[in-house]
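Submitted below is the structure of interest, expressed as structure tokens.
For reference, chains read A, B and C in written order, and residue numbers begin at 1 within each chain.
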Amino acid sequence: MRMAPHGLLAGALASALALVCLGCRAHQPARLFPPDAAVLRLALADDVPTLDPAAGYDTASWEFEQVLFDTLLRYASDSNELRPDLALSWEVSPDARVFVFHMRADARFTNGRPVTSADLRYSIERVLNPKTRSQGVQYFLPLLGAADFAAGRAAHARGIETPDPYTIIFRLDKPDPIFLHKLAMPFAAAVPKEVVERWGDDFARHAVGSGPFMLKEWLSGQRLVLIKNPHYFIPGRPKLDAIVALIGVNEELQWLKFEAGEIDVSSIPPAEFTYVMKTPRLKTLTIHHVTATTNYLGMNCRMAPFSDVRVRQAFNYAVNKQKLVAILNGRGVVARGVLPPGMPGYDPDIGGYPYDPAKARRLLEQAGVRAGFAPVVWLTADPTMMILGQSIQQDLALVGVDLLLKPVAWGPLLDAVREPRAVQLFLLGWGADFPDPQNFLEVLFSKAQWGANNDTFYSDPKVEELLAQASVVAEPARRYALYQQIQQLIVGDAPWVFLYHPVAYVIRQPWVRGIRLHPLRPARLDHIYLAPSVAPRGTAPSAADITP
Amino acid sequence: MRRAGPNWLEMVGGAIALSLVVLALFAPQIAPHDPTQAVAQTFGDPGPPSLAFPCGTDQLGRDVLSRLIYGARVSLIVGLSAMAVAMTVGVAAGLCAGFFGGWTEMVLMRITDVMLTLPGLLLAMAFVAILRPSLLSILLVISLVSWTGVARVVRAETLSMASRDFVLAARALGASAGRLMIRHVMPNIAPTVIVMAALSTSGTLLLDAGLSFLGLGVPPPTPSWGRMVEESQIYFRTAPWLAFFPGLAILYAVLGFNLLGYGFLRRRHTR
Amino acid sequence: MLYYLIKRIAFGALVLLGASLITFCIAFVIPADPAVAIAGAKADPHTLATIRAQLGLDRPLYVQYVRYLGRALHGDLGRSYARRQSVSGLIVARFSATAVLAVCAMMLSLVLGTLGGLVAGAYRGRAPDNVLLTLSLTLVSIPVFWLGTMFLVGAAAYVRWLPLGGFDGARSLILPSFALALGSAGYYSRILQANLAEVVGQDYIRAARAKGLSPARVMLHHALANAILPLVTLAGLDFAGLLSGVVLTETVFNWPGLGRLAFEAVFNLDIPLIMGTVLFSSFLIVMANLVVDLLYAWLDPRTRLA
């Protein structure tokens, strides 16, 4: 009895230590591969939501899905040009309604089975099937008979024909000049039916595709390991043997690990950004591009006083967008319209709204908005958004508007903004899915999208008419001219405060080569290779490592 | 009964509490700058402490010292009112449980047991997130997870009181339950209640700070210490002072009420 | 003893039932539409309608509750909206990291608390006692997330070999365990000091002193043995508080445990995951309390006889 407490403590300490050691063993991925293997080491802040191409609709999932699976078409590594993937060649009817693909015969799933046209049909029908609850449904509903199939009235979608194992034909119920881009989304990736059916909802954890890499291990919250697919149809690709992504490493820790040479590619946390850009040896290792994204403050055009265009314009003049970009350490481009630079149809001459608080005050006065007006802006509780929200709050205070911030979670934010008269103001962003202005202008400003993506409930008859006209025009020059006209009208009506287009930065170790940022998609990991001559792995980069 | 003068714990704790009240009441007169507007034109990177800005400026160019002073307001409002609500509910529940016994006690005490066993911060997080952060929702949720400790202590005290001679005598004379509780039991458990009040204020302050740190505090522009720590945490390598001061402010306030509580407790023991 | 055990287990079951009711309430007072949470940012009107029809949230509440309870008993806590994975799978994956941290912190706080309490007890009423009182009150008052942040500041500036967050290896445990443990250590030292004060006044201690045993020996072997028992119970009861601290500590140190999972669930308002983490934490607390009860019964012969 007398010794019991001490014994108890000692015993518990011993068991704690045992647990610790257990923990250590689970956390040493370094010994997974032989020392000379070309392993790309990454770190992710959050777990990958999914690896099931029917389910994923976010950057993290797509980054890995696009190297695990193949689609008929894919993008070039750094442009919006479409390249063959599972397809060898294709024909599009002049009215953009029939699409014929001739597929390569040497593609195999990593379980050994060849990828055929039937697999592609199954994969797209799986997305259409309501039981899958895929967010990609919308992109394939224009296929003939898709609605019948989705409702269970037909065994197959009539619009997908597979005359032989390596030919597939898609027929649409109306012209769609951007359908090819939809086929390049991971939603349209080939998945093997037998594996999907075996695992059901857990397919994501046992993903099998035909891409350059295959899933080796996914320990939730710890790490994701992909290894080279030895039977990939492009010989010599990929050049990496494996990709190890540590999960749950936030931006700050990523940076520390990068500095210690423990990871090969990293994002740059805001607190370190100024330092990186002031340090020449680090600055040369950064890669950046303007994302095809527009961040905006949406104003509900059906709710007073934002139903008055003068109030909306006043807000545009009142918000200091330059300051927002400064707060982001310059990682943004001030937006003057809806479309981000680099997007087809982008209009470099659009004027937008310069920062002009005096003009904003005048417009508010004309619109009869009194001092003490306190609208509520909804935004995600994300730290960056909260800082930007507070900056906008400061700006509006200077023109007599007491902006209130309402931080909510992502789901409820989307839920609320889709209600017709619930949310006056909201801070959101839109990233392009396709390199086409329709993907911004129609999806975000047409009346058909009320309650879905047009959350400002903006609608203008002239804009509607032009949108209908433009959507079926396949000829680029005419198509983009129409969309530029639409954008001018929308900017004039100002349903958004056009804020900025984020600029994405990553930093690589000197030995990492072939990394390219894509305008729309996550960077393709299968293009990356490691330069063996540079620096022993595991040491921090020094000035000598940098080769031009 | 010999009345002891205030002990050093009470004096220090009281001084801290008083200083907080003064800061909160006279924040506009004391704070050198507007806590919400940019006073330094350095956006993106925090500014180091200087003569003009003794605690530095944050990434929005705001004066941290002024924000700290104004931050006392929301902390005190949430901390004290949540304490008041929790105390009211806790004392009422504890009194009823201790006094009536039987089913009342059984039900009330099982509820407190269950609540005490649940992870308080986790529950508070979930409820605030669902109700959406606002002064009222935070206050209510903090009270909701804080009253049970009070109820338990008050019940124990009431039980020991209920069997005392003077209560039994009053009961024999036909005093009503309500009268008994308020006239006879309450005054005798008052010292305990005061100790609990001081100690649970430090608890509610910490809970509020924790929620704010997790982004579930009173929304901006109201300066709040927990959120200030959260917003400056990413600068732990490049601008460590930014997180240092607001955390120190939390510690100062919580310590004040803890000292007060222990001071009261010591007074009771020495009496 | 058996009766006692059954009583404790029954109470544990009651707590879990209460927890399940509360988590269920959380899910149903919520005004948000789960279809939107599942459909995500870019759903068109058609997708939203399809998903709403699929969910079938049209049964009466009590039926849904009973079903939920039934599934929970089989370890099925539903699927996370944000992660599209099974909640129990996510919890299992994150459990080990939290267990390591919580156990280390608890041991550390007991050891430090015992040391502090002993010193305070030995010097009762004298200067070191007052210093330790102030120290322990300060420790109790420090917000754990700030202490953690300050540890990060200090380690980043002065201790190059300490990992500044994340979970890899035993070294990465040092900062978060200390951050988490110090508050409880302050608390335990106060309690132990108070217990010692009570025990020291009792007859057998006086008798031991009268026999001529050294004060240190009396303190360590006689007083401590009896004063530490309530501390063990307290540590068990404090487990709930420890888990609250875990949420904050894991957030500061980017620790891949349950606390971060819960935080992310709340951040995304991922209802099934919130319900799952709250319920599982309650389960852990109930188990911890049960273990402590058993330990106590085993250590203290009086309960063994009961």
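Keep this in mind: contacts are C-beta pairs under 8 Å (C-beta built on N, C-alpha and C of every residue); 3 or more make two chains touch, one makes a residue touch a chain.
What you are looking at is a predicted structure, and each value in this text was computed from that prediction instead of being measured.
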Set of chains adjacent to chain A and to chain C: B
Pair joined by more contacting C-beta pairs (A-B or B-C): B-C
Where chain A and chain C are represented by their mean Cα positions, the distance between them in whole Å: 37
Where chain A and chain B are represented by their mean Cα positions, the distance between them in whole Å: 43
Centre distance in Å when chain B and chain C are each reduced to the mean of their C-alpha atoms: 21
Multi-partner residues of chain C (at least 2 other chains): 266-267, 269
Of all residues in chain A, the ones touching two or more other chains: 252, 381, 408-409, 412
In chain B, residues with contacts to at least two other chains: 129, 215-216, 230, 236-237
Complex contact set, residues of chain B against chain C: 9, 110-111, 113-123, 125-127, 129-130, 202, 206, 209-210, 213-216, 226, 229-230, 233, 236-237, 240, 243-244, 246-248, 250-251, 254-255, 258-259, 262
Residue numbers on chain A that touch chain B, as the complex places them: 251-252, 269-272, 274-275, 323, 326-330, 381, 383, 386-387, 389-391, 393-394, 397, 404-409, 412
Residue numbers on chain A that touch chain C, as the complex places them: 1-2, 4-5, 8-9, 12-13, 15-16, 19-24, 26-28, 46-47, 49-50, 52, 55, 57-58, 130-131, 133, 135, 137-138, 141, 150, 201-202, 204-205, 219-222, 246-250, 252-253, 256, 381, 408-412, 414-415, 418, 433, 448-449, 451-453
List of chain B residues in touch with chain A within their complex: 36-38, 43-45, 59-60, 129, 132-133, 215-216, 219-221, 230-231, 234-239
Contact footprint of chain A on chain C as seen in their complex: 31-33, 36-48, 50-51, 53-54, 79, 81-86, 89-90, 93-94, 96-97, 99-100, 103-104, 106-107, 110-111, 114, 164-170, 173, 221-222, 224-225, 228-229, 232, 254, 256, 260-261, 264, 266-270, 295, 299, 301
